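What follows is a short report on a single structure.
Order of writing sets the labels: A, B, C and D. Residues in every chain begin at 1.
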Amino acid sequence: MAANLDGRIELVAGCFSSNPNISKLSGADLLLDPSRVYSSYKVMASKEAALPKSERIDFVSIVTPNNSHCPVAKVFLEAGINVICDKPLAFSLNEGKELRKVVEKSGKVFALTHNYTGYPMVKEAKQMIRNRELGKILKVVVEYPQGYAITDLGNKGESGISNWRMDPKVAGASNCMGDIGTHAENLARYITGLEIEEMCAELSTFIPGRQLDDDGTILVRYKGGAKGILFASQILNGEENNLNIRVYGTKCSIEWFQEHPNELIVKEVNQPRIIKRRGNSYLSAVARKYSRTPFGHPEAFIEAFANVYLAAADAIEDEVSGRKLKKNYDFPTIEDGVTGMVFIATAVKSSNSKSKWTKMLKA
Amino acid sequence: MAANLDGRIELVAGCFSSNPNISKLSGADLLLDPSRVYSSYKVMASKEAALPKSERIDFVSIVTPNNSHCPVAKVFLEAGINVICDKPLAFSLNEGKELRKVVEKSGKVFALTHNYTGYPMVKEAKQMIRNRELGKILKVVVEYPQGYAITDLGNKGESGISNWRMDPKVAGASNCMGDIGTHAENLARYITGLEIEEMCAELSTFIPGRQLDDDGTILVRYKGGAKGILFASQILNGEENNLNIRVYGTKCSIEWFQEHPNELIVKEVNQPRIIKRRGNSYLSAVARKYSRTPFGHPEAFIEAFANVYLAAADAIEDEVSGRKLKKNYDFPTIEDGVTGMVFIATAVKSSNSKSKWTKMLKA
Amino acid sequence: MAANLDGRIELVAGCFSSNPNISKLSGADLLLDPSRVYSSYKVMASKEAALPKSERIDFVSIVTPNNSHCPVAKVFLEAGINVICDKPLAFSLNEGKELRKVVEKSGKVFALTHNYTGYPMVKEAKQMIRNRELGKILKVVVEYPQGYAITDLGNKGESGISNWRMDPKVAGASNCMGDIGTHAENLARYITGLEIEEMCAELSTFIPGRQLDDDGTILVRYKGGAKGILFASQILNGEENNLNIRVYGTKCSIEWFQEHPNELIVKEVNQPRIIKRRGNSYLSAVARKYSRTPFGHPEAFIEAFANVYLAAADAIEDEVSGRKLKKNYDFPTIEDGVTGMVFIATAVKSSNSKSKWTKMLKA
Amino acid sequence: MAANLDGRIELVAGCFSSNPNISKLSGADLLLDPSRVYSSYKVMASKEAALPKSERIDFVSIVTPNNSHCPVAKVFLEAGINVICDKPLAFSLNEGKELRKVVEKSGKVFALTHNYTGYPMVKEAKQMIRNRELGKILKVVVEYPQGYAITDLGNKGESGISNWRMDPKVAGASNCMGDIGTHAENLARYITGLEIEEMCAELSTFIPGRQLDDDGTILVRYKGGAKGILFASQILNGEENNLNIRVYGTKCSIEWFQEHPNELIVKEVNQPRIIKRRGNSYLSAVARKYSRTPFGHPEAFIEAFANVYLAAADAIEDEVSGRKLKKNYDFPTIEDGVTGMVFIATAVKSSNSKSKWTKMLKA
C-alpha cells in the first residue's frame, strides 16, 4: 500500500514464498505476468537481470525474516538491481558489515525501511534541531512500548505468542531490541543527529520459555555529553505501538508520539506550550514536502511508510537513468543499517556483562 | 491516492480540464495513453462507451465544482458508465432529484464521496447503534468547525480568501452548509440512522462581501423524538478540520473526532469511560473489514477515503461483471445525495424565515 | 472548604436547617458556640445584628434552594449584614429585581457564587479579550453537558433521579437552564464582556414525568454582531461536569475546559497552537493573583470557588472597616444575578413561543 | 492551605524563622497570639510542652530544609509532641535511622509529607493492585520530570537557578534524587507495594558549577522479579511537575499523571482502554473516602496534600485522646522516610561506582 500510494511504483515481478507453488499462486492473486513470478530469489535476480533494462525491475523489496536479508540483498545487488530492505539490516553485525561492502562495490541504491522517519512531524523535529532551535541537547528519552507478546503467566504458565522474531536462529542475537529497539535508536539518531558513545543495557526475558529478550532498557551516553534513556518492550500490557520520543535542550524541548503523529509538542520554561501540526504553512520545507493532505486531514502510518519509498524512488530513478547518485536522499541507508547492528550487538554485550558501561562496537 | 491505495483501481483515461490543452498536458504528466486523454467530458463519455467492454473505463470519478456534478454524471450514466461523484450531489435540490431519475433508469452504480463515513471507528459507532448498545438516542451534537476562511476584519476590511465554493453561481444556495454542513449531516445520519423531521436554522455570513454563508447553526428535531445540534463554520480561527460527533443515548454515549480518528470514546453514567481503538479484535466485523494496519499503527484520512472507493469497487465489479447489484454496499448513494440537497434547501429556507421551525422538504 | 482554604474566613454562627433541632445538632458538629446556632434565619439575622460590631458576623452565606435566596438575603441585608448567595439569584425575574433594590438601598456587599469565574485561566481568557488579543469576536460556543439526571427509559420507564431543582415550586421557571445554563451564560459574559441582544431557545424535557426542562439549546445574537451557541443538559449520559467555552475572534481563538482547568488553548490560523498553563510567569497579573501553587501543581474546583470568596472578602473587609466600596471587585454581583434571571426568563419565553427570536427582557 | 481545608486543624503557635524578629512579624501576620510565636524551635518545644494538655499544640509541622528535619523533630518528639515532617526525612541515612529510634521510643505520631500519595486516584491504583487486578507486576516506569533548573548554557554559561536544595551542606548527598526522586520512589512503592532489591543508577549534573545532581536515571530490580525504570530531573526544559507512573501487569496495566490527577488509565491487551475518574461510585472505598467533590468537579494538589493531613489527624487525635495507635493509618511513616534515605544513599553509591548493580543498603 505504501508503494502504491503515490502511483509512482508498480509491482511487476516477485518471488512470494520459498515454496514455488505458493509463490505462483500469490503472483496470480496479484495479477502478475506468470513469467515474472519466480520460484526462488536467485532465479528472480538472474532472470530479471537478463531482461532489457527498460523491462526489468528497477528495484526489489525484501520483506523476509532477518536471517535472509543479507543473502537476498547480496544476490540482487550483484545482479545490478537496487534494493529496499526491511530492518534490522542483518542477522549479525558481521553479516551487516559484509553487506555494506557489497553495497559499496555495487554502486546501487540500498534503502532500509526505518519507516517512522517518514513522518512529516519527525522531519520537522529533525529540522528544528538542525536549525539549533533546541540549543544544546541534554537528554533524550525514547520509548517503544508494545504489549502484543504479554501472556497471563498466572493463569496458564505458557509463553503465549511466539513468532520468528523470538527464534535466535532466524532473528539473531535479540528479539525485542532487534525488532523495535532499533527503530527507537534510529528515530533518536535521525532526529537528533547524536551518536551513541557508550551504553549500560539490561535486556530481559519476562515470559519463561522464550530464548531471546522481550524487553530492555538502555542508559545511553552520547558523544558530546548528552544522555539518554531508551527502552523497548513487547510485554507491556495494553500498549499498542506507542513509539515516542522526547528531546530536551537548553533552549526548548520537543515531544512526538507515533500514535498521534500529526502533532509535535514544543516545551520551554517560562513560555506557553506550542503544538505544531502537520499540513501548516509554518512548518519547514521538508515537513511540507513529505505531506499529502491539508491541515486537519490527518496522515498516518501508511503515508509515513510511503515517504521512505518516495525518497528511495528519487534515488532509484537517478540510478536507473544513469545519473550520479546524490549524497543526501532522505531515506535510511546501509550505514544506518550497520549502526543498528552495532547498537544491537553492543546492547547484548553490555547486558551480558551485568549492565557494564560498554563502548559502541566498531561499525 | 485513495483510489491507488489498495491496488484495485488504475487510472487509464480522463479529461482534466475544460481547456483541451491543459487536459492533454495533465494526462501526459499522469503517463496516460494520449488517445484516452479527452478534450471534454462529453467526448470522453462517447469515446469510452464506444470501446469494447474489456477496454473501456469501469467508472468515472467526478471531482469538479458543484454545478457540473449533475451534467457530467448524466452524460456518463446515459453512456452506460458507472459514476463516483463528489459531494454535495448537485447545484440545487431539483437538479439532484433529476439526477436520481437518471441513476435509477440507468441501473448503473452511483457513489457519492462522503468520505468521513469511511473511517473504521465511524463504522464501529454505527454498528454499536445498530446493536442497540446506546439504548434510545436522545441527543446528537455534530460539529464541523473550520477556520480557513477567517480574515482579520479589523486590519484590512477585506473578504480574504475566496474560492468557487463561495460563488452562488457555482456552489448553489449555500457555501458552508453545502460544503461541510452536508458532511456533518451525512455523518450523523450514517452513524445514527436518524432522519431529520424539522429544523430551526441560522446561516450567517460573517465576512462582509461574501454572497453566501460562511457559518451556520441548526437545531434539529429527528423523527422519533431525538434532538440535535449541527453546526458548521469556516471562520472559526485556528480550527483545521475538526469534524466531530457526540451521540447521547439512554444506555451510553459515544464521541468521535476526525482529527483523532483511531479512537471512539464511550461514556456511561456510573461506569468508567471506555476508549475503543482501531485495529483491535474486539471491534465489530465491519470496523475490522475496513481496517488495513494493526492496532497502534494509525490510519487516517486517505485510508478512510479509500474505503469509499473499496466499497464502490465491490459494486462496480458486480455491475461490470453483469451480476445483480446488492442492496447494501457500504458507500453513500444517490439517496444520500438527494437527502443532502434536501438538508441544504431546508436549512436555507428556515434561515430565510427568521429561523422558523421548518419541516424537511420533499426528497 | 472554599471559605476555609485561605484562612481568612471563619465560621462562627449559622442556621443549618429549617428544623431547629437539626440546626442545633449541625452547629454542634461544627463546634460552634451553641448561642450562635439559630433556629431560623430571621432569628439569626436579628440576633447577630444585635451583637456589637466586633463580634457579629461579617457576612452570611446563603446556600439554600432557589426560592429562599431572596427572602433570606433581604432579611440579612436589611439587618445590615453582607451576603454571599448561591445562584441563580432568585425564584423569578421579578423577585430578583426586587432584591436588587434592597441591595442598592442597603449599601452592603452582595456576591453571587458563579464559582467558575474564579478559575485563574478563566481570568486569563477574560484578560486576553480585554487586551483585544482576539480581535473582533465572531462566535462563542459555550456548553454545559452533565449526565447525572439520565435514566434508562427503555428499561424502567421511570423519571429516575429527582431533586428540588426539578420542582417548579422551588426552582422556578427552569431546572436545567436555571441551574447550569446560567453558569454557562455567566461564564461567557464574564470572559467576553458580550451582552445578549436576542435569542432563539429550545428547552426540552427528555425524561417523562419531569415538570421542568432537563436540556436546552439556545442560539444567541450578541450586541455588536457576534453570535453564539449555548447548550446545557443534565441527561447527556456519562458527561460529568463538562462546562467548556470556545471564543472565536478575528485574530485568534481560545478554548477552556472546566475538567482540565489549568490550561487555556489558543488557536490561530497559520500559527502553531498555544497552550497557556496556570502558575506561569507569562500569565496576566490577575491570573497570577488568583493562583496559589507553582506551575505543574494543579489547582481545581475548590480553589476556584475560594477565589470568589477571596474577592468578596476584599469587599466585605472594606465594608466592615467603613471604607468606601470600590467599583470593580472580581466577584459576581447583584447585576450578574439579575442578568441571569433575565436570561432564564427570556429563554423560557422564546422556547414557549416555538423558538422565536426573542429580545432579552428588561433587567 | 492543605491543613486549613477541612476545618479540622487550626494554626495556634509557631516559630517562623531562625531570626526571632522575623518569626514575630510572621506570627503577627498570621494573627497568632504573640505569646505563642517563638524565637526558636527549642523554646517552642519546651514552652508548648509546659502548657496544659488541653491548650498545647497537638502536633508540629516541620517545613524547613533537609538538614534541620531531624534535629527539630527530635526536640519535639522528646517533648511529647507529635510531628508532621517534610521529606526527605533527613540529611543522611544515619541521621534518619537515629530519628527512627527517637520516634519509636517516643510513641508519638510521625508523618512524612509524601503528598502525592494523597491523590484519590493514586489510592485507587494501590487498591487495584492489592485486589490483584493487575496480575503479576512485570514492570514499573516512574518519572518525575521538572525543568525549573534549566539554564541556557549556550548563551550565558552560568549555573542559573540555585537554592538550598543544591547545597550539599543543607540538602545532603543528593539534590534531584533527594528532592523529587524520593517522591517517585515513594509513589511507586505506595502503589505497588514492591521493594527494591538492587539498582543501577546514573546521577548527572548537567549544569556546570552545581555541586549535586540535577538529573538521574535508575534501573531497578524489585524483590520478586519485577523491574523498573525511575527517572527524575530538574533540567528538562518546559516540564513543570510531571510526576507520572505506569505499572504493567500480566492481567492489565495502569497509568497516572500528576498533572491530570483525576483520571486513572487502565490498559489491557485485546480490551478497550478504560479511564476511571475521581468522584464516581464505582471507585474503591478508599478512593471515595479521600475525595471531597462530585465527579467532574476536579480536585488537585492542595486536596491531595490535605489528605496526608487528614490521615495524620486521625492518628494524632487518637494519640492526643490517649487511644492506642492503629497499625494502618493512610499516611507516610518514619519507615517510609528511612526507606527514602536508603534509596538516596544506594543511588549515590551505585552512581559513584560506575552504575554498578548495587543492593539496597540496610535500613
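The rule is simple: contacts are C-beta pairs under 8 Å (C-beta built on N, C-alpha and C of every residue); 3 or more make two chains touch, one makes a residue touch a chain.
From a predicted model like this one, the values you see are computed outputs, not experimental measurements.
Taking B-D and C-D together, the pair of chains sharing more C-beta contacts is C-D. Set against the C-alpha centre of chain D, every other chain centre is closer than that of B. Chain A and chain D have Cα centroids lying 42 Å from one another. Note: centroid distance chain C to chain D, computed from Cα atoms, is 36 Å. Centres computed as Cα averages put chain B at a distance of 55 Å from chain D.
Along chain C, residues 239, 266, 271, 273, 277 each make contact with two or more other chains.
The part of chain D that touches chain A in the complex is made up of residues 135-136, 138-139, 141, 147-148, 150-154, 200, 202, 204, 206, 215, 217, 219, 227, 229, 231, 233, 235-239, 246, 248-253, 266-269, 271, 273, 354-357. Against chain A, the residues of chain B that register as touching in their complex are 1, 4-7, 11, 30, 146, 239-242, 258-262, 277, 279, 292-303. Remark: chain C residues 266, 270-277, 280-282 touch chain A in the complex.
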